[in-house]
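Okay, got some structures for you below.
There are two complexes below, and they share chain A, which is joined by chain B in the first and by chain C in the second.
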Partner chain A sequence: MKLPYYPGCTLKANAKHFEDSAQKALEKLDYQLEEMKDWVCCGTVFSMTSDDLMLQLSSIRNLLRAEKQDLKELVTLCSMCYNTLKQSKDFVEGDLDNLEKVNNFMYMEEAEYKGQVEIYHLLTLLRDRIKFETVKAEVTNPLKGLKVGAYYGCLLVRPQKFAIDDFEAPTIMEDLVESLGAEAIDFQFKLECCGAYQTITKKNISVKRAYEILDSAQRVGCDAIITSCPLCAYNLDFLQKEIEKEYVDFQTIPIFYFTELMAVALGVGWNGEWTKKHDVDPEPILIEKNLI
Partner chain B sequence: MSAKREMIDVYISGELFQVPEGSTIISSMEYAGFQLKRGVGCREGYCGACATVYREKGDYKLKGGLACQTVVTDGMAVAMIPFVPAEKPTYDLNELEADVSTFTKLFPTVFRCVSCNTCTKACPQEIQVMDYIQAIIRGDIERAANLSFDCIRCGLCALRCPSEIVQYNNAILARRLYAKYLAKKSPELDTRLKELDECKYDKEIEEVKNMPKDKLSEKYYSREIKIS
Partner chain C sequence: MYLEISKKDINNELVQKIHEISGQNVFDCYQCGNCSSGCPVVDYMDITPNQVLRLSQYGSIEEILKSETIWVCSTCLQCSTRCPKGIDVAKLMEAFRTVNLRDGVGVVDPDHLEVENKDELPPILLVCAMRKLTG
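Showing the complex of A and B:
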């Protein structure tokens, strides 16, 4: 089965291992991600400025081009792309004036956006279409003994209208983790903001946030954290060397994309290229648990 | 005697002139008495020096084009752009990496793209400008190089860009990176360069240079091109 796929820029650069592991894992489930043609940036963060339609053009251009390519839906892996595309879609579909104004700007596109493209995050497809039971049945290398903390951050569950699960107490990632044979550990800060783009100009804010998140996970015994957001992954992983300088008691913890653990559990194996994309070495914990 | 050409009205930088129908913007300006020193080059649509903006009578759109290629219409308002003083960082190609990090350092503005496509609308070469900028953002330098191949660096994209991106300077960097680091190396090129050093075909070149035109023409049109 082919899934029309919207990658987003980061999955072609810093998060190539997110895309690669997802493709390999899905192949084990008889699904293929088929990249849509001529996609552009998702818009990177849904604009809260209701009257600056220029900031919606990027998202809607993707939807328009998908519609022109006869795609009824797009699957995203990146939480940011999911959230931005989903909110922009609602922004124009919920207000026909906005839709008309945005379409007025699209006169070189040969078609207008009609609003027929649905946006899904891979996690919801795994739950609702592919089914976690199917995933569980295909697991050949159960992640036995691995204690995983599922970190949601903001973009999968906020605002409430676009949440992929209960916006205050989601379990979708924990349910996936359990189906892979690992132990899902709930932790206090799994919905807290990672500091997001503060990491560029006020890094100390993100360092503090990342420490609080990781510490709350480690206090309840997590061996590893999973996420689906490249920005969260960056802050939680690459800021650990900064955290170590500020907080002497801090021990590093590996950060995975959920698809990497899926790949390991479904028997794809581990790819050394993925390790290079991590800052905290993810291999020792997998070796310790006899998973690779 | 050739038939008398109809005269039409053209506003050049706001002043009304009558010029012959069928003139290009450059020829109409010269007909009107302007001496063009900047913003004019090959007059064949290749060099990109004569970027211009114009508006046609009854149309609200400000359009961009090459003054040597755009034919004036009755009531058209035109203006020449002598030069685009756009940002142009200095770099040593040998020290660069063929990935997105190079653009992050040299052209951070590229990440301000909102995919509005205004650059594509402005391009007289009909290049998918916005799509190559988007390719750069995700590190697909090969796609950026291919999509921007016909760029003549007229600067209209940068002039219209609401995000202040200098598209054409990004594009030439993408093509340079592609050519130096990513494109498949051609073994034939090395062979050919060696042949040139050894003056292998000098005798044949002399022969061609001394050939009468009709013979040369016959040889040219009956040539076979081998593509391996």
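Showing the complex of A and C:
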């Protein structure tokens, strides 16, 4: 079955392995991600002000183009794309004034947006449509003995209105991890901010955030962390070399996209190209647990 | 900190501007401190989020506009989800940044970014930072 798919910029660059592993894992479940045509950047951040329409425009442009291509829904893998598209959709949905305002900027497009495209994150589709039981039944290489901490970050669970699960105690990623045969470990900072874009201007903040998050996961025995946000993945993975300089006792821990572990469990295997996209080598833990 | 509070200041032009941009009523705040206790980056702030609310109630917007706090806030929305009075504190923080950015204060110049390992940064990080820190 085909799933109309919105990739977003980072899935075509630093997080190519996120897309690749998702595609391969879904094929094992008889689903294919079919990329929508002519997509543009989602804008990455949603407007938090009442008078700034600009931040909504690129998201709406994507929805409009999807609608023009007769797509009823879009699936995203990236948490930021999910949140931005979803909030922009909500901004115009049921509000004719906002819809008209936004459409006034769409004069370069062939049609106006009507507000008919639904946005899903792949995790919710796995839970509600594909079902975790089906995933479990297709697992050929159970992730036995692997202790995984699911890191949600901010945008899968906040604002509350757009949370993909309970906004304070989500279990959707843990449920997926369990269906893959791994042990899901709850840890204290799984919903805390990774420092986000502060990495550009105030790197020390992101380094400390990443340390606290990873340390709280390691203290309860996690072997690996999964995420669905390329920005979180960057901060948690690539800042570990900075953490090592500041915190002498720190031991590195691999950061995976949840789809990479799905691919391993569903028998797709591991792709050496994916390893190159990581900073902390993800292979040793998989080899240690006899998974690849 | 020495503060002179007058009726005139409490509803000055900047207070109204912040109210208009954020859509939040700062007088709803009763200083429970939930926003500050849940904030993951409060250690790096010079005034805490609940103090931002208090200063806003006094009309001392200039104090907040000069603070480090508004730039440390990364819009993680923890405060907004925890406020028992339903104040979207993150929107308030964005309003202060917006007022500054529209005046050209605190704007990051993309041509002079001092970032190591520029090539390894994901596009999402650069786009996000530029949207938050440029006018």
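Things to note:
In the analysis below, the second predicted complex is superposed on the first by the 291 of 292 C-alpha atoms of A that agree within 3 Å, B and C clash if a C-alpha of one lies under 4 Å from a C-alpha of the other, contacts with A are read in each partner's own complex, and residues count from 1 in each chain.
As a working rule, a residue touches a chain if its C-beta (ideal position, glycine included) is under 8 Å from a C-beta of that chain, and two chains touch if they have at least 3 such contacts.
Note that the structure is a prediction, hence the values are computed from the model and not measured.
In this superposed model built on chain A, chain B and chain C occupy separate space and fit side by side. In the superposition on chain A, contact is made by A:13 with both chain B and chain C. With both structures placed on the common chain, the touch criterion links A:135 to neither chain B nor chain C.
Once the two complexes are overlaid on the shared chain, A:49 sits against chain C while remaining clear of chain B.
By the touch criterion defined above, A:158 lies against chain C but remains apart from chain B after alignment on the C-alpha atoms of chain A. When chain B and chain C are set side by side, the one touching more residues of chain A is C.
Once chain A of one complex is fitted onto chain A of the other, the partner contacts of A:61 are limited to chain B, with no touch recorded for chain C. Looking at the shared chain after the overlay, A:78 reaches chain C, while chain B stays out of its contact range.
Draw one line from the C-alpha centre of chain A to that of chain B and another to that of chain C; the angle between them is 80°, to the nearest 10. Shared-chain residue A:41: touches chain B and chain C both. Put simply, the nearest alpha carbons of chain B and chain C end up 5 Å apart when the two models share chain A. Residue overlap on chain A between the chain B contacts of one complex and the chain C contacts of the other covers 8-10, 13, 41, 43, 55. Note for the complex: chain A touches chain C at residues 8-10, 13-15, 41, 43-45, 48-52, 55, 78, 80, 154, 158-160, 167-168, 192-193, 195-202, 205, 208-209, 212, 230-231, 234, 238. Across the interface of their complex, chain A is touched by residues 99-100, 113-117, 120-121, 130-131, 134, 137-140, 162 of chain B.
Against chain A, the residues of chain C that register as touching in their complex are 20-23, 40-41, 43-44, 71-72, 74-78, 80-81, 90-91, 94-95, 98, 108, 113, 115, 117, 120-129, 131-133.
Those residues of chain A that touch chain B in the shared complex are 8-10, 12-13, 38-41, 43, 54-55, 57-58, 61, 105-106, 108-109.
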